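Look at the two complexes coming up: subunit A is in both, with subunit B in one and subunit C in the other.
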Partner chain A sequence: MIVLSREGDKAVLRPSGADIVSSLVPELRAQMRGIVEEGVRDLVVDLANVQMVDSSGIGLLISAHNSLHKLGGRLAVVHASKDILDLFHTMRIHQHFSVTGDGGED
Partner chain B sequence: MDQAPFDDELLDDYLLESCELLANIEPYLLAMEQDGAEIDERLVNRVFRAAHSIRGGAGFFDLVNIRELAHNIETALDLIRCRQMVPTADVVTILLRGFSKLRELIQNCRESGEPDIAELVATVAGLTEDHLPAGEKHLSMGRMEVAVPETRQRVDVSAFDLNQARRSGQCIYLMRYDLIHDIQRRGKTPWEVFKCLIQTGTIMETFLDLDSAGTLDGPPSNQLLLEVVYATAVEPEMIGRLGVASPQRVLLIEKNRPSADTVVRARP
Partner chain C sequence: MKPSSRFACEMRTTLPATLEAIEEFFVEFRRQAQNTLSRADCFAAELLSREALTNAVVHGCHRDPRKHVICVLRLRGRRLTIAVHDEGEGFDWRAAWNRRGGIFESSGRGIQILRKFAIRVRYNEKGNAVTIVKLC
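Up next is the complex of A and B:
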């Protein structure tokens, strides 16, 4: 289940009990596209309940970043586990959009 | 079932290996001090390789403080190795302080970015500044652009890494992976690929091709391209078969021969 909270042009997506892997990507992608079409420009993906992000999931986050960047908006990933932070740092993803961990570290 | 693309195994391996490398550093450094100008190359190389491995892994995991300190220690040891600096008592005392702090940072690697170690880093860097010829002061720092043959592409890498690769006669490659086709669809994880690369060489830099992921509009992209600049002793004939997943494309940037004199100058 993906929980969405929204206020103006800001939205927070919180995949709940589901990892961001290829099986979830189509649903999450559709939801992201929908809210961006509705005018959301400040999108936060909260990974508090996510243990795993696979290559498809990374691709989805980057495509969301690309869409928002084109529109003058921004993507932020928050509450990433230390494993996810390590992976994102290794791939230098944090140089493109904000990625913070459980304790707010980047 | 999807496999986890990452785990703590790689970081655990790095920390374990680093602790092993640091285990006998103090007696080695003291022996270096005793040898003075008559260095035992095998001994100096052993200490150098410890700093080199720790710095390489720290760069990979983006452990900034560990990387900075290890990099400066490594640079000083390289000068000793090249007989441009004698490991006097003063020099060894500073290196001992540096390694001691490295051990402390590695033992608390999650918080390693927090302490302010600028003064110690400056002290260790001062060794290099004091002993390098005036024209080579910037040699150990900065970035260098390297042209990729047969393309218009240029890659930006650490001048120090480039010098190391050239002096040790390593090949430098640009390897392109498609994380979806080359890795995920073969049941492999990015970590498995990175781990194998680290074991047989140095990842000098990585570049993620954001455009390859596309946007939310239109059909989903089925690729995610990551380029890795990689230095290794593995020859071009074998590089395609290296590791758990073959890269989509491998370009040889340089094939070097070992030389004590080959240096490159970083951008000021």
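Up next is the complex of A and C:
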């Protein structure tokens, strides 16, 4: 399940009990594309209930960042677990957009 | 993972080549691995296995449910071996392995993950079987 909360041009996406992996990426991509087309420019992806992000999930986040950046917007990832934070650092994802852990560390 | 006399743990399965089957596999994987591996090793082992299985299902078998993917995870001491074999035609793993994507590219990170999280990755000549080794 993906929970979306929205206020003006800001939105928070919370995948809940659903990992950001190849099986979920098409649904999440469609949802992100839809809200950006509707005018969202400040997108937060909340990973509080996400245990795993694979290479296709990383690709999706970078693609969303690239799209928002071109439109003058921004992507932020919050509440990443220590393992996901370590993965993002290893893959240098934190150089693209803001990534913070479940304790607020980056 | 099923204990055996020769190996500390082994998990062996044959999946139809679908993403849904991969998700079902990882429900069982997490149940078994959390009793055997540390949290960080569980995560890395799942990540490596996911990349190999997704590659086999999506690129090897083109998500054809009539085709199958065989996956064996074996833990012996600190050495975790992940072997994935699919019924597809294989791929040019040398080109994929040598490709260096730009930092802003949104694809091509599966191989990078294997490079960074495994100590050894071996493909067969055809490119439809991979063996990955990670120390836990």
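The working rule: the second predicted complex is superposed on the first by the 106 of 106 C-alpha atoms of A that agree within 3 Å, B and C clash if a C-alpha of one lies under 4 Å from a C-alpha of the other, contacts with A are read in each partner's own complex, and residues count from 1 in each chain.
By our rule, contacts are C-beta pairs under 8 Å (C-beta built on N, C-alpha and C of every residue); 3 or more make two chains touch, one makes a residue touch a chain.
Model, not experiment: these values are computed from the prediction.
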| Sharing subunit A, do subunit B and subunit C clash or fit in the superposition? | clash
| said: Can you tell me whether subunit B or subunit C touches more residues on subunit A? | reply: B
| request: Tell me which partner A:H89 touches in the superposition: subunit B (first), subunit C (second), both or neither. | output: first
| task | Would you check which partner chain A:N66 touches, where first means subunit B only, second means subunit C only, and both and neither mean what they say? | result | both
| Touch check for A:V77: first (subunit B), second (subunit C), both, or neither? | neither
| Is A:L47 contacted by the first partner subunit B, the second partner subunit C, both or neither? | neither
| query | Just subunit B (first), just subunit C (second), both, or neither: which does A:S56 touch? | reply | both
| Partner chain in contact with A:R33 - subunit B first, subunit C second, else both or neither | first
| message | Taking the superposition on A as described, I'd like to know which of subunit B and subunit C A:S22 touches: first, second, both or neither. | response | both
| Taking the superposition as given, does A:L13 touch the first partner, subunit B, the second, subunit C, both, or neither? | neither
| request: For subunit A, give the residues common to its interface with subunit B and its interface with subunit C. | output: 21-23, 51-52, 54-56, 58-60, 62-63, 66, 82-83, 86-87, 90-92, 96
| Complex interface listing, subunit A residues touching subunit B | 19, 21-23, 25-26, 29, 32-33, 36, 51-56, 58-60, 62-67, 70, 82-84, 86-87, 89-93, 96
| said: Which residues of subunit A touch subunit C once you look at their complex with the stated criterion? | reply: 21-23, 51-52, 54-56, 58-60, 62-63, 66, 82-83, 86-87, 90-92, 95-96
| message | Considering only the defined contacts, which subunit C positions touch subunit A in the complex? | response | 19-20, 22-23, 26, 39-40, 43-44, 46-47, 50-51, 54, 58, 103-110, 112-113, 116-117
| Which of the residues in subunit B come into contact with subunit A in the complex? | 2-8, 11, 60-62, 110, 179-180, 183-184, 190-191, 194, 206-208, 210-211, 213-217, 220-221, 223-224, 226
